[in-house]
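Please see the structure below; I have some questions.
Chains here go by letter, A, B, C, D and E, matching the order in which they are written, and residues are numbered from 1 within each.
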Amino acid sequence: MQPDWRRRTRALAGYAGGVLLGVAAWQIVGSHSQPQIFVTLTATLRHLGSMIDDGTLPQALVNSFSVYGAGVGIAILLGALGGLLLARIRVLRVAFEPYIMGLYATPLIALIPFILALLGYRFWPKVVVVFLFCVFPVLLATQRGAQSVAVELMEVAKLYRSSERAIWLHVVIPYTLPFFMTGVRQALARGLVGMIAADIFLSANGLGGLLVSAAQQFSTAEMLAVVLVITVAGLMLMAVGRLVEKYFARWRVTG
Amino acid sequence: MSSGVETLRSTPVRGDDEWAAAGAGPWWCRPAVLRIAAGVLILAVWQFVVGSWAPHYVARPIGVVRDLPKVLTDNVFYHDLGSTLFAVIVGLLIALVGGSLLGLVVGRLSDVQRVLGMYVSGLYAMPIIALVPLITVWFGYSATTRLVVIVIEAGLPIVYSVAEGARAVPVMHIEVSRLYRAPWWRVWGGVVLPAAVPYVLAGVDLAIGRALIGAVAAEFIAAVHGLGYYVLSHVNSFKEDQAFVAVLALALLAVLLRAAVNGATRRWLRWYRQSG
Amino acid sequence: ACSSSKPASTSAASSTAAPSSAASSSASSPASSASGSAGASAPTAPHGTAPVSPPPAGPLPKLTIGSPGVPPVVSGLLPYIADKKGFYKAFGVDVTVKSFTTGTDATRAMSTGQIDIAIAPPAQVVALVAKGIPIVAIQGQENPDWVVVSTDPAINSCQKLKGQGVGVDAIGGIRYTALAVMLKTCGLTIKDVHPLAFPGDANPQAVIAGQLKVSVLHLNEVVAVQQQLGKPLTTVMVQAQVVPNSMYEMFATLKSKLDQNRDAFVRFVAAQIATLNWMFDPANADEVAQLATVVGDSAQVMKQAMAEYKQMDFWSLDSAGLPQTNVENVIKSQVAAGNVPADKAPTYSQIVDLSVYQDAQKLVQP
Amino acid sequence: MTASPTIRVEGLTKAFGTRVVFRDLSFTVGGDEIVSIVGPSGCGKTTLLRCVVGLMAPTDGAVYIHDRRVTEPPPGVAMVFQNFGLFPWKTVTANIAYGLVVQGVPARVWRPKVEHLIKLVGLAGFEKAYPYQLSGGMQQRAGLARALAIDPTVLAMDEPFASLDAQTRDLLQLEVLRIWDAHPVATLFVTHSIDEAVLMGDRVVILRGRPSQIFDIVTVGLPRPRTREAVDTERFRIVRDYVWNAVMQTDSPASPLNDAAASVHQGVASSARIVGHETGQERR
Amino acid sequence: MTASPTIRVEGLTKAFGTRVVFRDLSFTVGGDEIVSIVGPSGCGKTTLLRCVVGLMAPTDGAVYIHDRRVTEPPPGVAMVFQNFGLFPWKTVTANIAYGLVVQGVPARVWRPKVEHLIKLVGLAGFEKAYPYQLSGGMQQRAGLARALAIDPTVLAMDEPFASLDAQTRDLLQLEVLRIWDAHPVATLFVTHSIDEAVLMGDRVVILRGRPSQIFDIVTVGLPRPRTREAVDTERFRIVRDYVWNAVMQTDSPASPLNDAAASVHQGVASSARIVGHETGQERR
């Protein structure tokens, strides 16, 4: 066993080395590439700075994340509701499960041209795309949770003559919550994919729109800058998702 | 029970015997009947809504059925289907091998984890679709781009999941192999790898869906021939009914690929399904 | 629907039929030689007159051309028909036509050497040359078919576009550039409207679905949209009318590729000249309309559209389609828009190489 | 024992589908009696408890609690589960209070009661802890307190100590005996451990066969209050050995365990002579 | 016991970070001896075993096996784990053969040996079964066979029966004793169950305190071969009660268990008189 400080130093060196390696690789490859293929990190950051200064990036973030927020929000609400319904109403579950699973398995991106044709291109159609991308994880996770409530806990509830309302309040909902949150975490990630897809394939604005127009103008620096922003957004959302999930599952800590 | 609505108070907690006793209930309660009814309902609503409010070229069930023979006798369709299927399978195989190796290394060697972990997380957190325009610049408007996109899309969940699995190898199993003085390669091949297999499968399950998304996105953006291209070109020519057949083919592909993985698991990895 | 590899593979079979039907009507057809040698070898190039060497005895030289749109837009029809009807093979070059989502994508693929020729938006060619990437145009289409249309009869002039949302392809895309140029004619700038971006060919669908009131459309798209809507659109502006001396598309290639393989490019252009002659023979109108359905519209729509295209001189039948004034206008507007620094602005002769067309003409008209 | 026992099980039979788990079980539990139930794994002990407390309907026969036929969980019945059955998202206090809260008992009534119980089972200081923060033994103490909170007249315990380690189990056995001695209630105690069955019970119901039937009901005959010393008595040893042999003789699952079992087996009859046990009519 | 014991533990101390788990442990295990180790949960029994077999380096002190200092797992050392530690992806045969296969022993050599062991532990007919297809008791039989397969001269068992039900545990104890009597090897037997420690061991090492130290090493003094009858002897009862009291007296974790423990506690000294035990120097 190494002493504590040495292990910590080594860990820090690892992380620092990772960052340095990435930065150096980016910079070196960038400086040896044709500008329409790849550019340096510094050029990318410079471009990022100017996109912030001239307001295009903030505007794009607002555009994209208002779609994202609406889509994910509705998906979470309807997903939870649908999940509970499917879990508790057997007829619905038996009847619709195969179609839901089928739709869940379908690469939904292929439906985008149809959504475009049917609903158009503005705000709400994009919300529909985000919604479709992230409703299923919530729905299925909620259903799985509500359907798998530990038998023993249900027995406890019945033994003590709990009312229907008490069973929901004290058993089903608390038990399902962590499952639901796992679905929410997945939804946060998938919603981002839906958001970018909607931006690229429906009306091209927001972050995806920036990507498209950067591509139109052969501006690799701008594309990389946008990708960087999207990555940071993704990491932040994943972190938030994991925190929320962990918080609601804290009692699940088991031996 | 005949209403189908289960109040919690009245539902038996251990339902299996009541399920068995109740059998399938009245004939209209049989699963097959319910499913067909639901399918018909979905199609009817779709037909009605689209028929009443949408432009005439928007896909609708009757049109899709009408165009089905046309598509199924179209060589271009099979060419595109084969192209996408081939790319997805090759991409998944590359992702499986490469992702598993990378995942094992990242999961077991903490130094590697520290250096590479952030890049794996970063890529995993971002929608790969945002990278497609760049990958197109780097690898061309070609099937190579599609393959690269598929490999990245499919590889990341595998790396992620396998790394988690490699970290979670029960200490006991490692100790058994150390105790019996197994050489290092037996520890990796005989203990770490098999212990990570369930995680590989979990990763592959995610990877299939993502691989198809990647394939379609690449075909849309880089105009590579395949089912996505088939969809796009037909929608843009106001032939949505034909395009929708390709969507159905994509869905079928996803379901079949997952079923194949499940089947393989059931067949060859019974120990994992039972002890999971 | 599938415009690139598949037609190429069937062209051998159709090549016997096509030139023979052309033979009766067009003196410039490669018919006699093509039908005689099953399309496998040389066109009738008068020996000694052309700077073109006789086609190689072995396999034909290969070229790949990228055309915009999935399915292709009308400007992609020329290579599509040339390929379908076997003109390329007849002139001794093996051409693959590949569709790209947009003209920009095709241009990018050309600029990085993935393909040999792109049907490229001139503004982007200018921008790339200014960035130091040596690209030249060997043929072009000067008259754009861009039309600004509206579903609202009240919006019927340039001035009335102020404050309106207008459908384009992408910020900086080809429709966007065209819109900017047209707006200038009534003293507006792009900032006075809201450009709404619908990449690829999504634009006409947006109009049909009622999502867009005003949009920049191709001529054939106007015809198709009117048919889908069942009512006429209001024409706001036609670029060919309001902006004289415009420039629409260029057949552009990397200079290095041209230098390496000039012979093949000459044969390529010659085949296209021959194709145009065949296309605009009235006797072939129905067949052309049928072939033109590849853009996704019906033969009926395309027959009407092709007539309008002919009328507006969309394709130049007697020149390279790269007039100096028009090209220089593009350069100037790119400088004015700030996309190209004045000191980096290329000259006409840097961008355009007319010699290929001249040599090609000699191949077609001995 | 004829003066209105608290629990009366009469000709109870339970089948799942075609598979009969147990058949024609009849026995009683008096108001101040602990009846242990032993039998091989899968013989239906848990199922029997479920039928008794009304969580499951029997296929045939009936259970009466306070002379009322059981069709759903009657009031005043509590159960302690093998895996504790605590709500993992509730604190110790909230778990113990559960049976009262869902009955609408106001906080000012249940709070002092729960506080008292927490002290009684030795969980003081852990009122706000969540189950995952407790050791197994402490979780089972909470489970016990929850059962006691409703002032049960019937207590069912399903292998309550099986998932605890040996030392904790020893301690909790004695603790439960101590608490029970202070407030005796009709108790059904299911266990795998024969020592435990004898230590805890006034009588031991032995289930055997496929489907299970009552092989014997043994009267333990050790005095109450019981302490650890009981284990060292001759009587304990005799009863334990008798039950052990009776259980081991079972022709149960096709596992190689049986070969070994056979080798340790001694005749049941010999010890039966010195063990008081009920048969036939006597049982009711 | 001075004639070169197989295992010599000398002044062994283990700390994780600043937390010392046990301190200055010294004892020996002879080549034909079973030494049981008991102590409260978390006192470091498993950690001690890990140090002994060389899976973990001690912070201070040393372990000698066959007079060679242990720095990594030496050959001839086998271990049986509480949760069996079988590879779920291997059949019974492959699991049992594992220790031989990784040493490069060819199949023709290990196969007859493994077949013999499978019969010995009563798993005949289950050669091709996977662990999930076996009951807990059968899994532990396989774990035992895997340990025996390498012909160990040192056998470490970490609560091998703790996750089994009471009846299976009883059976396996006797089975292990039977097998061990046929091939005695130096055995360290960690358990929570005091009955088991006394039944199995020649001596019982009692760990106590924070950090743990050896409180006592008790010589059991029951004859071998041992059978179930041993449990009924006076000697067994005396040793068991002594150990029980010694363990329960521990001032261990801040858990309410202690209050209860105290109430059952009887003076250790009184029984100590009649139990043979080592102290101080004697231990080594």
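The definition used in the following text is that a contact is a pair of C-beta atoms (placed from the backbone, for glycine too) under 8 Å apart; a residue touches a chain by one contact, two chains touch by 3 or more.
Since this is a predicted model, take the numbers as computed values, not measurements.
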By Cα-centroid distance to the whole-protein Cα centroid, the innermost chain is B
Greatest contact count: chains A-B
Length of the line joining the C-alpha centres of subunit B and subunit C, rounded to whole Å: 40
Just curious, how far off is subunit D from subunit C if you go by their C-alpha centres, in Å? 88
Measuring from the mean C-alpha position of subunit D to the mean C-alpha position of subunit E, what distance in angstrom results? 32
Distance from the CA centroid of subunit B to that of subunit D, rounded to the nearest Å? 49
Expected list for subunit D, residues touching two or more other chains, is 50, 55
Can you tell me which residues of subunit B touch two or more of the remaining chains? 13-14, 55, 57, 137, 220-221, 232, 235-236
For subunit A, which residues are shared contacts with two or more other chains? 36-37, 116-118, 155, 158, 162-163, 200-201, 212, 215
In the complex, the residues of subunit C that touch subunit A are 102, 104-105, 108, 111-112, 124, 127-128, 131, 133, 169-173, 196-199, 202, 205-206, 209-212, 339
Subunit B touches which residues of subunit C in the complex? 1-2, 4-6, 66, 69-71, 98-101, 105, 108-109, 112, 114-115, 200-202, 205, 208-209, 224, 228, 295-297
Subunit B contact footprint on subunit A (complex, rising order): 10-11, 14-15, 17-19, 21-22, 36-38, 88-92, 94-96, 98-99, 101-103, 105-111, 113-114, 116-118, 151, 154-155, 158, 162-164, 167-168, 172, 189, 192-193, 195-197, 200-201, 207-208, 211-212, 214-215, 220, 223-224, 226-227, 230-231, 234-235, 237-238
Would you pull the subunit D residues touching subunit E in the complex into a rising list? 40-41, 122-126, 135, 137-138, 141, 162, 165-168, 170-171, 174-175, 191-196, 227-228, 232, 237, 247-248, 255-257, 259-261, 264
Which part of subunit E faces subunit B closely enough to touch in the complex? 50, 53, 55, 72-73, 75, 77-79, 81, 83, 85, 87-89, 98-99, 102-103, 130-133, 150
